[in-house]
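Next come two complexes, and both contain chain A; in the first it sits with chain B, in the second with chain C.
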Partner chain A sequence: MSEFIQLLLSGLSSGSIYALAAVGFTLLWQASQTINFAQGEFVMIPAFFVLALSVKLGFPVWLAMPLAIILSVLILGALFKRLIVEPMHKHGTIPLVIATIALGILLKEMVKEFYSPLGQPFPSLFPQDVFSIGGAAISIPDIANFTIAMGTIVALQLFLSRTRTGRSMQATAQNPDVAEILGVDIKRMVMYTFLINGALAAIASILITPVYLAKFSNGEVLGLVAFIAAIVGGFNQIRGALVGGLLLGVVDNFSAAYFSSEYRQALPMILLIVIILVRPQGLLGTSEGRTV
Partner chain B sequence: MIRKLAMTAATGLALTATGAFADVVIADVAELSGAGAAAGAVWHDGVKMAVEEINAAGGILGEQIDLREYDSQTDPQNSRAMVQKAIDDDAYVLLGTVYSSSTVVNMLVAQQNGVPQLTGSESPTITAKGNPYIFRTAFGAQKGLPKLGTYLKDDLGAQKIAVIWANTEFGKGGHDAFMAVAEDLGLEIVADVPTEQAQVDFAADVAKLASAGADAVFSYMTEEESARFLIEAEKQGLGLPIVGDTVIASQKVIDLAGEAANGVASHVGLTAEAPVPAIQEMAAKFQEKFGYGADHNAIKGYIGAYTVKYVTEQIGEFDREKFAETMHGLCLDAASHPGVLMDVCWDETGEMSRASFLVEVVDGAQTITKTLPAN
Partner chain C sequence: MTDTVLSVRGISKSFGGIQAVRDVSFDVQKGEVLGLIGPNGSGKSTLFNCVLGQLRPDSGQVTINDHKVANMRASHLNKLGVGRTFQQLSVFPQMSVLDNIILAGQEHKGSMASRLFGPSDAGLTRAADQMIAFFRLEHLRDEMAGSLSYGQQKLVDAAMAFMAGPSLVLLDEPAGGVNLTMLGSLKDRLETYNREHGTTFVVIEHNMEFVMSLCTRIIVLAEGEIIAEGAPEEIRANQQVIDAYLGG
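For the complex of A and B:
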């Protein structure tokens, strides 16, 4: 039983970080029909911002982390939208998808070339203390990761539903033409979405890298998991991405412990296939009709 | 006039050709990127440092070494292509690869072409295939693990062992060798957990080890995976002695895992902390040159390059066939061959013998607890 609890809690901890990246997927999709296949690299890069600022430039870690979040908002949010999404968007979804795949490869190779292909140690925000619940060893970092990730998503949900700007962003996502008629500055709202995605990616990066180590290839795993989580939960719902992320974190742990370590990566794919067959809109997603 | 032109052209070509072969090409095929970069890039730096020293001292038989690097990208099939490319580039001897899963594939190409290969791989299968051109720079797991098994049983008093290992050629070799040792010593295996190359999440694996009721954990994975495992083990408060062979207490793992590496015990064939002045001197030069600490892979690469020099000077010519023949049954003593750092011998399979060490990680550094004789 203690093993079950431990697997559940550590699965929820990593799952909540997957959820941050998955929420970013859904936000960009809702706001601009952008499927960002560089999302994994967006989660990988901020850790290197932190390392560059702290190790190379000598900033203290407590300062390097918020600076890295700001850099991510500017580079992975604003610059990404201006340089990649805006020029490609008018050519349709597929060219944009290909552009983000290319961007992901570029980011990965840049880190490899300019920083190092080797994994790098990354400082943890939290003490490594452990306490026991029902015989299961629960670590402070697991609890803290879960709390911060969930807190971020809840804060985002509150921002979107309770503030004027948030509601304008939702209106833009649901029907940009009507939103524009109602006086919403839809370009600005879409830009806000990209900025938020940059921040979510940076938070996910800072939380997960102490365990994964900072490495150029981290985005391969994270991008795939976040994409599957977004589809499983529902690509057009933030709460869907949240559920998808948590589910994947737990399923990954349980499958490795109770099914097979060798096939642990296959189970999320099986889950994806089953969801697509049984409920194509995802667990909490809503069906979308499009004119073709 | 035409004859004159032809003579001039022929002379020019001959001179160019002489120039091209003035240096001896040594190829280093290593994991410079991909999951194995933590091992391969460090190995390559060790090779590079040795080659620079050899060239500065006059080269081999008066020829400068032209060191060519080839990136296997930690991909066995790519490593095979890179070995072929190195042979096409007229490599005299091949150094690398470090990952056993690559070496078992690419060493066949070297064998078919009759090119000697000094590898950093430690899987027992490497020297068990009857390949007369393969030679180790560090002995295989099957030689080190009996020493570790004895340590587990006698020094730690452990009877129940949980095993976590990389499901690769390297990891499987170590796993199988350890299972044989455990059976011989009467140790009970209470958990047997395979992991994947480049695995990043070890939460489930550590939970399985924790619930197995083990007295100690035996770990056999590569550098980054070992570090991630140690970080997760600390995070979950595993609280069991963790022992391994070579990698888990390597400098790279200590750098990556930080405090989580403290307390790890390991058998190591080579370590910068060894009480051997030549190794410490080499490690200090390495640190100064590259800005990071040498680990066993750096020392292996360094020894590999110097072995090429000593063996070639012993045979007196650049002859691949004679090189391979001479290596079998060869012993080099460190007193007259300082580049090998410690006395070393190779047997008829290319396996090597050398003294080794038991170490423990204390305050982020390896501490030698015992020096073990060659076996």
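For the complex of A and C:
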């Protein structure tokens, strides 16, 4: 039982970080029909911003981290929208998807080429202590990561549901034409969504990189997991992405412990296929009618 | 400032070789309820979209409250005092009725800081509740708009169009798909609003009974041109209009 609790908490911890990336994925889709296949690299890159600022430029880590979040908001949010999404969007969804795949490869190769192909140690925000509850070993980083990731998602949900800007952003996601006619500045609302995605990716990066080390290839798994989590939970619901992320984190941990670590990476794909066959709108998603 | 709320001057619009609207001119005065009718393909929707700045006419000019609307973004048009309802359902399905109606009024209020950090209702809950009561939607106030019946959503749509206190409201087939009971309610509310606030309406509608009983003046389009204009009873008796509708 203690092992079960241990695995569950550890799975929820990594799942909550997957959820951050998946929520960003979902937000971009809702606001601008952008499927960002560079999302994994968006989670990989901010760790290198932290390292570049702290190791190369000598900033203290406590300052490098918020600066990295700001850089991510500007580069992975605003610049991504202006330089990639806006020019490609007019050509349709598929060219934009291909552009984001290319961007992901570019970011990965740039880090490999200009920083290092080797995994870099990354400072953790929390002590690596472990304490015991009922025989289950609980690590402080697990609890802290879960608390910060969930706190971020709850804060985002409150922002969207309890502020005027959040209401305008929701309206833009649900019906942009009508939102604009009602006076909503939809271009600005879509930009806010990209900025938020940049921040979510940076927070996920800072939380997860101490576990994996900072490596150019980190985005491969993270991007796939974020995509699957968003689909499994429901592509058009933030809470769906949250549930999808948590579920994948827990399934990943349990499958490695109780099933087979060799099939660990296959299980999310199996889960994805089952969900698409049985409930294509995702666990919490709603069906969307499309006119073709 | 004159009493003319909407002025359409010499609007023409063609698509490829098809002339959708040909040299159409008319004015709409403050408080007037103008109906724009015509058989399918007569150019009503094209004209409507030119008036709303969503289509750029080949020639001519549209002025609303003394402002030219050419190339104006929809959000700016809204701030100019123009409200509209839609042929298709246009509520935000995953928001409550109250949130839908607050949203329709909030963009006119406050600074960017107050949008981010000010009260989430922009001080509009009371006004939204009054609008909800006016359209007799109190029992649906906290329901998700997407869960309402078609007719109820049309009423929410109308309430949203009035929330920003517009001087001109363009109603695009408000009666379309609405059952008779709901239609009576919608007409009653529109008439009352017009009477109490002096708001100007331009209505595109296929339902003749509805448009004839609601409008004070009617313009009939056929093949992109105005073929008749006048009070509802004059239009009913106009042979050219009868021929256009019957294909004579």
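Note that in this section the second predicted complex is superposed on the first by the 292 of 292 C-alpha atoms of A that agree within 3 Å, B and C clash if a C-alpha of one lies under 4 Å from a C-alpha of the other, contacts with A are read in each partner's own complex, and residues count from 1 in each chain.
The criterion applied here is as follows: a residue touches a chain if its C-beta (ideal position, glycine included) is under 8 Å from a C-beta of that chain, and two chains touch if they have at least 3 such contacts.
Keep in mind the model is a prediction, meaning the values are calculated, not measured.
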item: Which superposed partner A:Arg162 touches (first chain B, second chain C, both, neither); value: second
item: Contacts of A:Gln6 with chain B and chain C, given as first, second, both or neither; value: first
item: Touching partner for A:Asn175 - first (chain B), second (chain C), both, neither; value: second
item: Residues of chain A at both interfaces, chain B in one complex, chain C in the other; value: none
item: Contacting residues of chain C [partner chain A, same complex]; value: 73-75, 77-79, 84, 86, 90, 92-95, 99, 102-104, 106-108, 110, 114-118, 120, 122, 160, 164
item: Residues on chain A engaged by chain B in the complex (per definition of touch); value: 2-3, 6-7, 10-11, 14, 112, 117-121, 128, 130, 137, 139, 141-142, 210-213, 215, 217-218, 221, 252-257, 261-262, 264-265
item: Chain A residues within the chain C interface of the complex; value: 162-168, 170-171, 174-175, 177-186
item: Chain B to chain A touching residues, read off their complex; value: 32-35, 37-38, 41, 167, 193-196, 198, 200-201, 203-205, 207-208, 210-211, 223-224, 227-228, 231-232, 234-238, 252, 255-260
